[in-house]
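In what follows, structures are represented as structure tokens.
The following pair of complexes shares a single chain, chain A, combined with chain B in the former and chain C in the latter.
And now, the complex of A and B:
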């Protein structure tokens, strides 16, 4: 039993090695979830050491702390409201000044801090030495040097953590000019119960903290801001930031020693940058990198996926009998849940490769290169990656939107992804073009992919105009130094995300599969998924709706309903309903014309994201947006199918 | 004082002012781009994104933003 328990937040800049350090501290004792009300990943790890229970909370990687961006707001709220017992601040030793700026903000919150100077090996290589003894003397707290990716310095960090109860707060903080300090002293009294009152007073002065609906406080703040502006001839937010930077520079001057930096290394980084962000080469290189990623996800993943698929096939053959229960296990449980679990290898590889690319430093360059093009489409540079992955499978693609920092970009990208024609839709196209468009197969299929991209762009642009008129996120980003990525860290982060996928998508799919299987089996005694079953009757009831689009057989309606589960099922449904592969061609030839086949393919492309994609959209960006996604896609899919058929008919192509 | 967008790669610039809103100034500041700081322009051209460097630190700035960051060309040369 633990005698004491402490909550320790882990903060730091992006690319400071925060994740590696967090993993080193928590091992596999991880809980992954979302921060309340938002879609930013929250990781927590509990661990017992020296009779003390530690709960580590990984807060989003940020450069500052203000209410201006979602990640920063989450970090700030957690630190000021949840008041952890101490904050580990991970600092990239090679980028001391910028990292120390965030550390300064956290010190101003009046919390106990444990500064960790990480990646000291990289700093040394660049001729930068940090004097922890001088830092400790100035601030009155221990500074720990680590190389988290290799586990160095972690035991020293644990020693500090074990004594966290007796740890002092830092004794050296920035001092602001007279009118600012006066304002801070007065404003601090407005936050009497808040231990972070100094940080909050500064925050309302520099506009980083939104003043809660309190008119009197707002007036007071405005008065102080006016006084500061008049006396010091500058905006309060700039004055405060400048003082903080002066503070950082003064500390750096005392404690950071820079020998002549290794010019060669810098030149190499510049040379790589000049190459990968080159006006003419950058784009093609980026496309090649994306193609390679996409290629590996499917070529490396598919054999494993096939094994899993075969495993489920074998499993299914072990289920004896033809009774209701056997059918439930085979057609419902194994076929339905198996269809989703088959994607696990692809998803793992996808997240692994993204982590590798991110760790190497290339991903931020890629986003940088794609930004201009994506911007024209109303999306962020980084949106390109999830969009491209959508061609493989929409599920991991939507999951990949969490690599975007901005809520608005996440929402727009997640809503655009379902129009990227995933591999599950291909069998449907192949079936129809093989029957109706034998001479133009590839052209027809390619045009469907293009239509998907066109609609994705249209949807993203329109939604941006409707919902996100104001905020245009400017492109300013850190381009981290190139380094050899850590396979272990990448595998770890891919593993966590994959498990999360298995759990959530798995449980949701399981529920949906049950419902659909029940509908296809009832009433008792009818053949599975026949016209007399409930689903068959629903199909017959829905079929007339599709009359204007040219396909009104109940089987087509049922195929589209089943296709909601997974779009491959559209083909499977036709197979079952029209009596197997052999009879399929002639039956479809009889029920469809070339024109109605085209409208049916357009419908299949657009009409609805599959149930698992909807579940993932819901989890990533919320129920409201998932509902909107379904609404838009159903309307667009049906509308376009009708347009294709009616225009075609008017032109005499029926 | 010229917008960063008109500076040639290889130049060393001193940041003088920002012609954008407080949110974007704040973002620049958090990344270490403040008045008075000096950066070398690694790559960039009009209508193209810029990369500023200082030691091992690299900051990418979009083409639009590069028009809003006002700088002084301190030392033109390799």
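And now, the complex of A and C:
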């Protein structure tokens, strides 16, 4: 049993090796969830050492701490309100100034800090030496050097952690010009009970902290801001940031030794970027990288998915009998688990590759190259990858939105993805074009893909205008130095994401399969999914609704309900309902015309993404947005199907 | 302790005595623009404290103690006035009015320093160094205040980062535009006084890659537009 327990936050810039260090500290004792009220991932790890229980909380990687971005607000709130016992601040040694700036902010919060100078190997390679003894002398606290990716320096960090109870607070902090300090002294009295009152006072002065509906305080702050501006000839936010950076420079001057000039420092990364982000080569290289990503995730991943599918097929063939119970095991239980696990290969490979791209430094370059195009569509450069993946499968695509920093972008991208025509919709197209459009097969299919893209862009742009009026998220993005990615870290991160999917989205998917099974099997004694079953009756009841769209058979309605589980199921359902695959072509030929086939394909493309997609949308951006997504897609799908059929009929194509 | 008004009285009586043979209470009242009875009651008080000799309807004269005090105040008035008028170059009316306020509160040490500085400037001017003139020139142009560069749209050589050519080193003068973007730029080290250089461009000219604080940062055209720089 632990004698003492401490909560330790782990903070740092993005690309500082924070994740590696966090993994090193917590190992596999990891709990992944979301921060309350938001959909930003929260990782926690509890570990016992030297009779002390440590709870490590990974706070979002940020460059600053203001209320202006969601990640920063979460980090700031956790540090100032939850007040961890100490904060490990991971600093990229090769990027001392910018990393130390964040460290300075955290020191100003009046917290105990454990600075970790990470990636010292990269820094040494660039001729940068950090003198921890001098840093320790200046701040009165130990500085730990690590190379987290290789596990170096972790034991030294543990030693500091074990003595965290006796750790002192840093003794050296920035001092601001007189008018700023005067304002800070007065404003600090407004937050008297807070240990981070100095940080808060500076925050309201530089506009980093939004003043809650307090007119009097707002007036006071405005007056101080005016005074500072007058006396120091500059805006408070610039002045304060400047002073903080001056503080950093003064520390760097004492403690950072550079043997080469800054120009030489970025030489290797520079040389690689001469090709990778080149004005002319960057685009083609990006397209190649995207093709490779798509190829690996789907072409390589799908056979594994097929094995899982077939494995579950074999498994259910072992279930004997034809009774209700056997059907429950086969079509309910086994199919339900299979429906969840079938996505695992794609998701694992995708997140493995995303981690590799992120770790190596390519992910932000890809966003840089794609941004101009995506920005024109109303999205961020980083939205390209999720959108592209949508063509393969919407589920990993929606999960990939977590690579986007900004919540608005995450929401818009996740809501646009379902219109990207995934591979599960292709069998439906192929079935119909094979029967009705034999001469123009590829043209028809291609136009459906284009229609999907068009709707995706339209939905994203419209929703941006409705919900996020002032929502151009900036592309003020670091292009980190390239380095060799760690396969272990990538596998770890892919594993976490995959488990997250199974645990969080799996139950929803499994549950939906069960519900459909119940609807298709009851009342007792009816053939599975027949006209007498509940689902058949629902199909018959709603079929007239589809009359304006040209397909009003109960079978089509039931197929669409089953398509909710997975769109390729639409084809299989038709097979069952029209008496086997052999008779399928003639049956469909009899029930549909070329025009109603077209409207049915449009419907299939747009109406409701499959249940698994809804499950991950709900997980990534929340229930309300998921419901909105369903609402929009059903309305749009039905509306467009009707438009296609009615316009076609008016033009005499019926 | 004398109040300011008392010091004012002594000073005023002294100054009136320079041009009038007999200073009467009505003269003082005229000077201050107040009623004679008010002056009389003030004079009674000063008499009690031994600063003035005064008899009803007679002339007002300063005692030895009063004279000493009056000369002292008058001297401080002259010093501050001269400092404001001839060292700082403040217009005459303002210098005179300010001096009337400052003469009471300024300490002997500060007054001494002002006097010395005034002599120092005279000395320098005789030696051919016109500090006062230089200072006036500086105030007129006001190019920089301390280390901070002041931005104005009319300055030649200042431009927005969005129109700067690749590979040219620039000094950041100021940021404007969207507050969210500005906050982010400041946090990432894009601060006035830093040097910046465009390293590369995206396929269609934007976004750009800039070199700042020894690392690479990307900016869209809008964001680059909010950074005001001068070529170094």
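Assume the second predicted complex is superposed on the first by the 646 of 654 C-alpha atoms of A that agree within 3 Å, B and C clash if a C-alpha of one lies under 4 Å from a C-alpha of the other, contacts with A are read in each partner's own complex, and residues count from 1 in each chain.
Note that contacts are C-beta pairs under 8 Å (C-beta built on N, C-alpha and C of every residue); 3 or more make two chains touch, one makes a residue touch a chain.
The model shown is predicted, which means the values in this text are computed figures rather than measured ones.
K.L.:
Which term applies to chain B and chain C once both are placed on chain A by superposition, clash or fit?
P.N.:
They clash.
K.L.:
Once the shared chain is lined up, is A:283 touching chain B (first), chain C (second), both, or neither of them?
P.N.:
second
K.L.:
In the superposed arrangement, which partner chain does A:64 touch: chain B (first), chain C (second), both, or neither?
P.N.:
Both: A:64 reaches chain B and chain C.
K.L.:
Quick check for you: in the superposed arrangement, does A:226 touch first (chain B), second (chain C), both or neither?
P.N.:
Neither chain B nor chain C is touched by A:226.
K.L.:
Report for A:163: first if it touches chain B alone, second if chain C alone, otherwise both or neither.
P.N.:
After superposition on chain A, A:163 lies in contact with neither partner.
K.L.:
Contact-wise, after the overlay, does A:321 reach chain B, chain C, both or neither (first, second, both, neither)?
P.N.:
A:321 contacts neither chain B nor chain C.
K.L.:
Given the touch rule stated above, what does A:241 touch, chain B (first), chain C (second), both, or neither?
P.N.:
The answer is both, since A:241 touches chain B and chain C.
K.L.:
If you lay the two complexes on top of each other, which residues of chain A touch chain B in one and chain C in the other?
P.N.:
Chain A residues touching both partners: 63-64, 66, 68-69, 95, 97-98, 101-102, 207-208, 237-238, 241-242, 245, 265-266, 269-270, 273, 277, 279, 364, 368, 371-372, 375, 474-481.
K.L.:
Along chain C, where are the residues that touch chain A in the complex?
P.N.:
On the chain C side, the touching residues are 145-146, 148, 150, 174-175, 178-189, 191-194, 199-204, 206-207, 209, 211, 213-220, 222-223.
K.L.:
Which residues of chain A touch chain B in their complex?
P.N.:
62-64, 66, 68-69, 94-95, 97-98, 101-102, 122, 126, 128, 207-208, 235, 237-238, 241-242, 245, 258, 261, 265-266, 269-270, 273-274, 277, 279, 364-365, 368, 371-372, 375, 474-481
K.L.:
Tell me, which parts of chain A touch chain C in their complex?
P.N.:
63-64, 66, 68-69, 95, 97-98, 101-102, 207-208, 232-234, 237-238, 241-242, 245, 262, 265-266, 269-270, 273, 277-280, 282-283, 364, 368-369, 371-372, 375, 381, 472, 474-481
K.L.:
Would you pull the chain B residues touching chain A in the complex into a rising list?
P.N.:
Residue positions touching the partner: 20, 22-35, 42-43, 45, 48-49, 51, 53, 55-65.
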